[in-house]
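By letter and in written order, the chains are A, B, C and D; residue numbering begins at 1 in each of them.
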Amino acid sequence: MAIVLGPNQYGKAEVRVVGVDRSTPRHSLVDLNVSSSLRGDFAAAHTAGDNAHVLTTDAQKNTVFAFARDGVGSPEEFGLRLARHFAGSFDWISGARVGVESYGWDRIAVGGQPHDHAFSRAGGEARTAVVTADGEQVHVLAGLTDLVVLKTTGSEFCGFPVDRYTTLPETRDRILATAVTARWCYTATDLDWDGVFSGVRTTLLETFAGTHSLALQQTLYAMGEAVLERHPPVAEIRFSMPNKHHFLQDLSAFGLANDLDGEGAVVYHAADRPYGLIEGTVLRDDVPPAEVAWLGTPGFC
Amino acid sequence: MAIVLGPNQYGKAEVRVVGVDRSTPRHSLVDLNVSSSLRGDFAAAHTAGDNAHVLTTDAQKNTVFAFARDGVGSPEEFGLRLARHFAGSFDWISGARVGVESYGWDRIAVGGQPHDHAFSRAGGEARTAVVTADGEQVHVLAGLTDLVVLKTTGSEFCGFPVDRYTTLPETRDRILATAVTARWCYTATDLDWDGVFSGVRTTLLETFAGTHSLALQQTLYAMGEAVLERHPPVAEIRFSMPNKHHFLQDLSAFGLANDLDGEGAVVYHAADRPYGLIEGTVLRDDVPPAEVAWLGTPGFC
Amino acid sequence: MAIVLGPNQYGKAEVRVVGVDRSTPRHSLVDLNVSSSLRGDFAAAHTAGDNAHVLTTDAQKNTVFAFARDGVGSPEEFGLRLARHFAGSFDWISGARVGVESYGWDRIAVGGQPHDHAFSRAGGEARTAVVTADGEQVHVLAGLTDLVVLKTTGSEFCGFPVDRYTTLPETRDRILATAVTARWCYTATDLDWDGVFSGVRTTLLETFAGTHSLALQQTLYAMGEAVLERHPPVAEIRFSMPNKHHFLQDLSAFGLANDLDGEGAVVYHAADRPYGLIEGTVLRDDVPPAEVAWLGTPGFC
Amino acid sequence: MAIVLGPNQYGKAEVRVVGVDRSTPRHSLVDLNVSSSLRGDFAAAHTAGDNAHVLTTDAQKNTVFAFARDGVGSPEEFGLRLARHFAGSFDWISGARVGVESYGWDRIAVGGQPHDHAFSRAGGEARTAVVTADGEQVHVLAGLTDLVVLKTTGSEFCGFPVDRYTTLPETRDRILATAVTARWCYTATDLDWDGVFSGVRTTLLETFAGTHSLALQQTLYAMGEAVLERHPPVAEIRFSMPNKHHFLQDLSAFGLANDLDGEGAVVYHAADRPYGLIEGTVLRDDVPPAEVAWLGTPGFC
């Protein structure tokens, strides 16, 4: 028996780079959080403290800033440039993973007109991209995190099995709320990244809204199926969707009905913890899997 | 010398109540985080563990849910109903503070049409209201937190004094970014709460965008002055505005200029800590102060 | 009627400075988060964008680092040096507030012996100090935040009034848990800061543990009273103590009693929100108040 | 081509259960955050909204509380009981993952004696366990998160390659700080869980302290190697270790040297982002891999 080094990677996490295009008076802005990881032969650093193969994480950070100077473009494009650069920089570096979070900004309206250089943050959601260079192969995941959505009706939950610990009553009408984290894998590396992303996001929202839900699992699958049907470059999509419980509040102790058909407001308690957590994958059965594309990306599959 | 009980209050914090109006198929939704605090004669609870005066925090929570059943309305209205109720509930309760955070939801568009009962969260910003009942008097603060705004130009910082520890160069063109927390006091308790709030928010955004900034202090004052000029019911406004530094990245070591007039993107590093913190008040000199309205509300004044 | 500038201050927040004493092989370490705010005549910056009075927040940051070079000492001492420096730096600066958070580190034990230069973080609690220079006067607050404590018995809650919304049953035996934030004001500026701090902290812990609690208010007052009795330099102490509810879980649906006297474990659910929030002050009646010492420090009084 | 359901799981996350052993006046306490996920045939729920196979997440939560009533024991034991129960509860459930976070509490000392029923939280670190039932097989991971450690010397970083973007100088003496997240896999399911955990934790701390570090990678490997050498039941250990940078502050502009051998304190700036991130595995080469044990556990491998 021997003790050996197993899989490893290292890099610089959370480089907060903001690029401003000032080429016309109507400025535009990209706001990114970039993390790089390198893979390859770094055994000597681990076993002997020999750093001859360790491209510093400081240099990785510098590279992010320097590359931004040429213009940033979409998160996927920026990730592709960086991942290819890192993977090709030294013989012993066989791969690189570049993860990008992108934060949206809207133009502030002044007198109804979008301002040239003043912006407000567009909410808690982030757009994500993960580019993995693995030797000559390159893989692109796109995604989003914390897209918080809610339906006030059009959601049931019935027909489940009952064991000793099951006390939940069935319901024909409940609030359904979740914070969608979705990541999807593309079959190509030269897409109209912004266009496809926008299309997938719209599909996710429209399908969530339009699906009469019998289970959050069903909603998840419907969202994934719609994305694959409408967006051919998407090979696979993975979801993590917490069930953010909104419990109908019992007001009977105060002589108040809290029925769904009464006057006034129907009153719910938005709970924090525990929460349901539904995770699942929807994919095409004729696309070969590319597990390396997902390596290091949070998720259960 | 004696050791005595000083100012005190107690209550239930962060009741997460969601009210849904289902009176028509086009549902609407309010999503609140409500905190109540009671003031009055609670000395015996402190000094003798005698709870005869302690309306339980559990009952305060129940009251929030029960009152929501009648319909919630604006944060200010809901706070007024609750604060008046608590302050009048027992002889020994002389006052109450009800703080409300309200989270926005947008209708999801399906095929371009806003959906009847499906919504997405409208971002990280929260609308706030604080209602203080103090005996017969009632005071209303409105506000917002975490309205994150940024200008890519139109901001200078020059002319400051130089001491031994001053190394900052002057700049004629920098990114200005902040997360506005503002709270303002009304002179009335029967306003069109949603209308005035919306107007003040627009004024804040437009003034931030439209002010050529020589200092974040100047921007803050201009925002406050504009609010008071355009919105007569506002007596006073208090701001806490972090200067979220975006530093121009030095790329000269890589042979790259990062000048403001070049090709490509101008590259900034968005820093976390430390940050500047600018706090200030703008007010009318003919309105008597109402310090009790601000008691317990974060801020420095 | 005129619109005027009211109270204001500005500074640099959250300077993360670590000072290491390497004068012997047995190193020691202070780990601080320092925030400074200046008060005085900054009207022109607000109303005209004239920065002639604005000592930059960058210089404030530099000062923190430069002063640390001389040795840091206790948070109170470091705050005193900085506050006096800032308040005396220019004619127009009439006051300064320096807030310090200090994070504890324990020596790692190797073979039972504390190591000379390796440390582990000592938990979530922070020690705090706030020094306010106001003209010639200087005030010192000490404190701590997030000291999380819990009793598994020795806590009752009974005898409260019942209104329409009161449904809580009385209890003779509950878990009592809180996260203590306490801040106290000293009557002197030349104390054995570490010694007094340590003594007060011990008094808080011992009194929490030793008090049979009839209400969290009673525990709060007992803690404050004990601090004032045992520590003469403390003039006043303010508490903010959330009631972190631990609810006895009802297991009767599964045929299980969850009584306090049974076999096995008594099972509680630790709830997040809502929570009770108890705030109060204990003070000496013969010490004149020093409100400026508390200006800008979170708390309700 | 068809669109199909891929890997999926669902469960209840973050059940906050506290168990108190009151069998003697000297109480003890376990404080857990439990998350369960079920794997098996849930296709109909996804594709048809048929919940006949969906053991509710509410029942999973109830099970956690009910099982705690029998006594909780170590996180690993509790996870084993739950995972075996869930995996065996219905034919169509082929596996279960139970993740546990455990929070430490110390007895409060009163007059130097540990109190019978009063406790304080033992810091930010959490102990973790992940038990995976996969058919008849059961796997146990133990671990810890956020063990924050720092060395003030005994750390170098030299000998790295230089590319166009490398500007970092070499250093022979730097602060090394990290927040260790480690998870290790056992070869058995009937260990003295608390004993082994405690031993591994001590090994991690002692090795961090005792290793003269030439790279954080080297420290990571040394920690893993020591764990495997000293603790035979551990088959593999995975680390995620951020390099929490502490930069020597340049004070030369103020006429101050900040050299390591001078008087006073050596002054560092503790940075937030970006940070290095070092991830790696150390394992025995004669133990067959058990990838299912790690499925759904954060980490890159």
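Quick note on the criterion: contacts are C-beta pairs under 8 Å (C-beta built on N, C-alpha and C of every residue); 3 or more make two chains touch, one makes a residue touch a chain.
None of the values given here were measured: they were computed from a predicted structure.
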Winner on C-beta contact pairs when C-D is weighed against A-D: A-D
Chain of greatest Cα-centre distance to subunit B: D
Whole-Å gap separating subunit C and subunit D, where each centre is the average of the chain's CA atoms: 29
Mean-CA-position distance for subunit D and subunit A (Å): 23
Where subunit C touches two or more other chains at once, by residue number: 16, 62, 66, 165, 167, 253-254, 272-273
Subunit C partner contacts - residues on subunit B that touch it in the complex: 1-16, 35, 37, 42, 45-63, 66, 89-90, 157-161, 163, 165-168, 213-215, 217-218, 220-221, 224-225, 228-229, 236, 238, 242-243, 273-286, 295-296, 298, 300-301
Footprint of subunit B on subunit D - complex, ascending: 164-165, 167, 253-254, 272-273
Interface residues, subunit D side, partner subunit C - complex: 16-23, 27, 29-31, 62, 65-66, 68-72, 105, 108-111, 115, 117-124, 147-154, 175, 205-206, 208-210, 246, 249, 251, 253-254, 256, 258, 260-261, 263-272
